[in-house]
Amino acid sequence: MIAESLALSAVLFTIGTIGVLTRRNAIVIFMCVELMLNAVNLSFVALSRQYGVTGQVFVVFVMTVAAAEAAVGLAIIISIFRHRQTVNLQNINLLKG
Amino acid sequence: MLLQTAAVASTGHSLQGSVAEWIWLVPVLPLIGFLINGWLSLRAVGHVGPADPSGEEHGHGHTDDAHHDAHDDGHQATRHPSASIVSVVGPTVLILAFLLAVAIFAALAAAQPDAPFVKQLFTWMVAGDFRVDAAFQVDQLSMVMVLVITGVGALIHVFSVGYMRDDPGYPRYFAYLNLFVFFMLVLVLGASYPVLFVGWEGVGLCSYLLIGFWFTDKVNADAGKKAFVVNRIGDFGFLIAMFLLFANLGTLDFSGVNAAAPALGAGSALVTVICLLLFLGCAGKSAQIPLYVWLPDAMAGPTPVSALIHAATMVTAGVYLVARSAALFSMAPAASLTVALVGGLTALFAATIGLKQWDIKKVLAYSTVSQLGYMFVGVGVGAYAAGIFHLVTHAFFKALLFLGSGSVIYAMHQAYHHTGSHEDAQDMRNMGGLKQFMPVTFVLMWIATLAIAGIPPFAGFFSKDEILGAVFARTHGSTLADAQWFGIPGSAVLYAVWVFGLAAALLTAIYMTRMMLYTFHGPNRSGEREREHLHEAPWIMTGPLVALGVLSAVGGWLNLPAFFPAGPIQALHHWLEPVSGDAALQVTHGAEAHMTATTEYTLVGIAVAIAVAGIAIAFARLKPAALVPKAEAPEAEGFERVLEHKYYVDEIYDRIVVRPIESGSRGILWRGLDAGIIDGLFVNGSAYLARGFGWLGARLQTGRTGTYAWVLVIGVIAVLSAFSLR
Amino acid sequence: MPNFFYQFNFYLFGLIAIASALLFVTRKSPVAAALWLVNVMFALAALYVMLDAHFVGVVQIIVYAGAIMVVFLFVVMLLNLGDPKEISDVSGKWGRLAAGLVGLALIAQIMTLARSSAPPSLVQPPDRVADDLKALNALGTIAKPLFGEYLLAFEVTSLLLLVAIVGAVVLGRRRAAS
Amino acid sequence: MSDFLASIGYNGWILPALLILPAVGALAVWLQGVLSRGTSNDVADTTARRMTFAILVLEFVLSIGLWWSLDQKDTGWQAVVDLPWIDVWGARFTVGVDGISVMMVLLTTMLMPLAILGGWTSIRRKVNGYHTLMLVLTTGMLGVFVAKDLFLFYVMWEVMLVPMYFIIGIWGGDRRIYASIKFFIYTMLGSLLMLVAIIYLGLQAGIMEGKPNFSYDAIMAVSGLSPTAMFLLFGAFFLAFAVKVPMFPFHTWLPDAHVEAPTAGSVILAGILLKLGTYGFLRFAMPLFPGVAMHPTVRTTVLALAVIGVIYGSLVALVQPDFKKLVAYSSVAHLGMVMLGIFANTRESIQGALMVMISHGLSTGALFFLIGMIYERKHSRMFADYGGIAKVVPIWSTILTIVALSSIGLPGTNGFVSEFLVMLGSFKTVPYMTTVAAIGVILSAAYLLWALQRLIYNAFDKPSNRSLPDLNWREIGLLTPLLIGILWLGVYPKPVLQRMEASATKLVQLVEQRGANQLPALTSGGGGN
């Protein structure tokens, strides 16, 4: 079932990507990124059947990173919202040099 | 090794241990004067303080104004606090120097050495093969010059005590004047070209400082600068000539160069080029075509300065240099012909301009240029003694003329000052009939005029006749006559020079008589009220005039012509023989140039006739009574106007040299090349290029996460395509 | 050879995941989107279990669905972003079209690359993980490499989490000045 | 005197002492600034000035012994001190002087205390920092002149660049940032290439020992470089030094840097920093690659650039409305004269070039001081704001006139002796170039006299100038040594010339001999670019 899993992973990843590209709400984009991470996790898990359990270990790491990312990212979003009263990325260009 | 010959020459010299050992003191005396006066001038100005409540500029209508600065300082014509010390120091150092020079001259006359006595002081420059000592050379030529400089100089210093009496820059004036004499003495005493060059440039400096003495008038400052820069053009030639000499002979000492000169090859292109370059230097310093333009402007300086620097001494340095380099010039007939031709042309050209000048000093200035041309004719044709002879007599009568005119200007200025008039004190149209107010000056000026016009037995007659006779004699049987000058036979050139000389003599007689007529004869045009204040200058000014008058009258006895019935025949000629005799002989193929008595008498007759004719023409044609003051004078018409504007030479130089250089430097070099291409295009251009790339990069950084995401995804697709499409 | 029931379930959960994901990206309301994402997580957890990753499947539910997504929902509601009044939440028609095209291109590329075979040295015998699972049970399978081979990485991860906690606290703290 | 110096082992310690003293002094001045944060500003500033001045005067007093300790006959390095430094890189702390560098060292130690005096009242901000940088600068410049190890030379070259950058950038005029960055980038451009060349040479020199060797003698002994390598190495050195000199197309940093720099900065820039470029040619570019330098194409090109520099600098100087800029362009002209003398490669011209380096340091240094003094009073460098001020500031005007005349090259001043020797010597080998360069003699008179006229002569028509005070004793005192130097070198330059003679002669012979060895390979072997 590896091939199917990988195909599913690709589809989910692409959906996540499209979400990142089309959505403007920072939180939703964040969730799209989580979806993409999950898609990758799926490939890891699927391939671990063939290449050993290391893939699953990686998934655990990815989840940890995702958790950390969510914590910090959401904190950033909250502080941005405090300043700007919006989380719409179209209105946020603090990174502009 | 050539230096050693010089050293050998002076060891065991007959003058060793004599008073000539003290020759260094002659220039050092004026230097001491300069230091004292300079210190006084700076110290005293410090007391005056910067705050000057009424120092506005007054619009004076004249350029030479002895009390100009006094006006600036609020009409307080108070004497300078140190004036009394300066009045003693300034002239005294000169008189002492003159006395010492006389003593050395006497020692020289007693010893009559064939070789110059070189007094070495210290080694000046030493580098590689080059070595030059600070050394003074005592020989017949340099001592003649030293006597003229210190003698005439001392007289002019005394005159200045009266003339500059009330000037606030009195110590500064004497400091400059002393410094000038120092440099002039270094010039004539220097035993090598570089030491001579020290004096050469030094006198240029003093000339610059003195022309611009009343520096708050832009005209004066301009004139000083012009003098210096034009002189520098000549110095460029002098420098290159020195480099050529050193590159080919390995030495720059006079004795060394004279000894080694034959190695250059008589008539070779090299020696011709060297001589022409030297002459370029002379043309600058001695105001010959095409570099004469600075001298008339130099009259902006105080009149005694004009007398000392721009008539008697400095401007004759070029003549001295040619005579000093006689060994070289006698080997270069083409260059010598050039010297003579330029001299002749200058004599004539300047004389024509002198015909229509109204400023009394300008007349004398052009007269000086013209007479310098005569001297160059003399040294050009190899009659070095004749050139120097005219130099000496000219120093006498031209100094007298200038000082006399100074006395006139002083009187005029005093008169205008009393009435508060701002008329031009130097314009002859404002003078007239001055003989009744200043008889002494009148008589002395006439003596000088007759001398310059060439009326026997005054000084100028003998020297001028000597030169013209020499030119005529060289037309046959000399290296000059045999040489080619740009394809023209040398004899033809010499005939032309002779004709120029005669024509210039005629014009000289005319314009000098014209000056005398307008100044001293006819009715007085200075105005009713001013007339009452016109009077003779004080004795301290007329005293030197009288001395110079005597010299102008009898100066010709220095070198009486061979046909003369009595007196010491050709004294100066024989005196200078050890210096330039060999060179003169080389020009005449070793034969003493003697013409038949008939020819001599004919030439003399022609010269005298021309001089008399000139005076007569002037008396007949010019009507001083018909002249109107400057303010009412109409504009001149036609060729007279061209003459009055000096052939527009200054304007032409300005258009074709000065302005193109300035605008080219500003527009093309500075704004165009420097700021535009190098700095703009290359230096800042590369900076702008970097900034441009940075700007482009900054545009990509919109700061919008969305955009970044898009770019990221497209980048990912591109990278993946690179793998999958491999 | 997996049996039909296994295959059916696999496809079913796969379709649920895809459908939920599509619904997730198209919902305007962040709350609805978040809930659909939780659905995807559940489907994926099921798939993990079916792919012999029992521990990961459980953690997926506990950490992702249970913790992370709850935090998301918390924030959404905390900031009162529940109602879809943010008009420009989704980009315009052309944006969506372009995103679709980009998505197509991306999926095509990934598919192409997924086809390529892995280096043989990495390939292990089939059902290796399943065997491990039998021998070491769900926890032992993953614990062995995690606390052996990857111990250092594991410990560093803890540091990362600590930093994240500190960062979140600092960022989320209300500044006295503002 | 020399016996006394020998008895105290002067030659054994003097050069490291000269380098260390200002560096330690810099530290002290900086610490003094840090420690006196709390106290009154004026007191602390005055202390900093006095400390720096005292250190630099001590430096000068120490260095003056070199005048006597230098063996005039010895053509080699003297007072050599060789200490290990960075062993793995093969860099050693080797210093020494010869007749060429000793004059530069003395010029530096003489000008530095005067520069401190020149900025006594005009530097009011960050006084401690300024003086610290001046002391570091002293170490850097002296280090460049005495370095006998190329690595040390490069380090010192950069050490001197940084303080100058800050001096211009912090205490400069309105456009100081632009000027300092331009100065820095221009100089870095060349010096980085030089670093590459130095490293290449160091590796080549140490190829036997297995580690680089940067000592001057070892690098001189490098042989067997390919023609292309020699051309490229010479090019790298040339660019670094030509920017510093500055030669004609690389000169545009100079006017900006000069105009914006504070008085002391301009003085040091003109007086010493520019000489580092020509010194580099004399010490490195010429002796190392005489074959390239004397290659007809290269030589003609460099000489042409030098002569263009003389004429071009003079012409552009002629039309400057800003006095400082005028002097800056006149520096381009004077340094062109130095380059002419160096590449003409005769004994007279090399000695003349060294004399121009010294006398330009004195004259132009004095000119910048004078400009700084009048700028402090009037806050303008534009000619248009002056005129006729000889009436109110006669002492300033007198000194300005003397200095300007020395810059013009009036006989009796240093300017004449030096330029005369350069042209006299150059005429032997390159007569036409020299003739063209001699035109600069005319132009220099034109631009400087015109400048004088517009400043101190002409109508006194600016009422605001009426209250300009004349020089005070501090200013007269700091100009006096320069005036003495100007007249001394003009009247009796022999002692200086004698001390250079042996080294200059050796240089000329070296260039001729090595050049003769290198040249055939270059002309036939191609690589002529």
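Order of writing sets the chain letters: A, B, C and D. Residues in each chain are counted from 1.
Criterion: a residue touches a chain if its C-beta (ideal position, glycine included) is under 8 Å from a C-beta of that chain, and two chains touch if they have at least 3 such contacts.
Predicted model only: the values in this text are computed from it and were never measured.
Undergrad: If you tally the C-beta contacts for A-C and for B-C, which one comes out higher?
TA: A-C
Undergrad: Return the distance between the CA-based centres of chain A and chain C, expressed in whole Å.
TA: The mean C-alpha positions of chain A and chain C differ by 7 Å.
Undergrad: Just give me the whole-number Å value for how far the CA centre of chain C lies from that of chain D.
TA: Computed from C-alpha means, the inter-chain centre distance equals 70 Å.
Undergrad: Distance from the CA centroid of chain A to that of chain D, rounded to the nearest Å?
TA: 64
Undergrad: So, what's the distance in Å between the C-alpha centres of chain C and chain B?
TA: Roughly 102 Å separates the two chain centres.
Undergrad: Multi-chain contacts only, two chains or more: what residues does chain B have there?
TA: Residues 706, 710, 713 of chain B touch two or more partner chains.
Undergrad: At least two partner chains per residue is the criterion; list those residues in chain D.
TA: In chain D, nothing touches at least two other chains.
Undergrad: Would you mind listing the residues of chain A that make contact with two or more other chains?
TA: Expected reply: 17, 21, 24, 90.
Undergrad: Name the touching chain pairs, would you?
TA: A-B, A-C, B-C, B-D
Undergrad: Given the complex with chain C, which residues does chain A contribute to the contact?
TA: These residues of chain A touch chain C: 1, 3-8, 10-19, 21-25, 27-28, 30-32, 34-35, 38, 41-42, 45-54, 56-57, 59-61, 63-72, 74-79, 81-83, 86-88, 90.
Undergrad: Show which residues of chain B lie in contact with chain C when the two form their complex.
TA: Touch list, chain B to chain C: 706, 710, 713-714, 716-717, 720-721, 723-724.
Undergrad: Could you pull out which chain D residues touch chain B in their complex?
TA: 182, 186, 249, 251-253, 312, 315-316, 318-320, 346-348, 351-352, 388, 390-395, 398, 405, 410-412, 416-417, 420-421, 423-425, 427-428, 431, 434-435, 438-439, 441-442, 445-446, 449-450, 453, 456-461, 466-470, 491-494, 497-498, 501, 504-505
Undergrad: In their complex, what parts of chain B are in touch with chain D?
TA: Listed in rising order, the residues are 41-42, 45-46, 50-52, 55, 57, 72, 122-130, 134, 194, 197-198, 200-202, 205, 208, 212, 215-218, 220-222, 224-225, 228-229, 232-233, 235-236, 239-240, 242-244, 246-247, 661-662, 664-666, 669-670, 673-674, 678-679, 682-683.
Undergrad: Quick one: which bits of chain A touch chain B in the complex? Just the residue numbers, please.
TA: Interface residues on the chain A side: 17, 20-21, 24, 26, 29, 89-90, 92-97.
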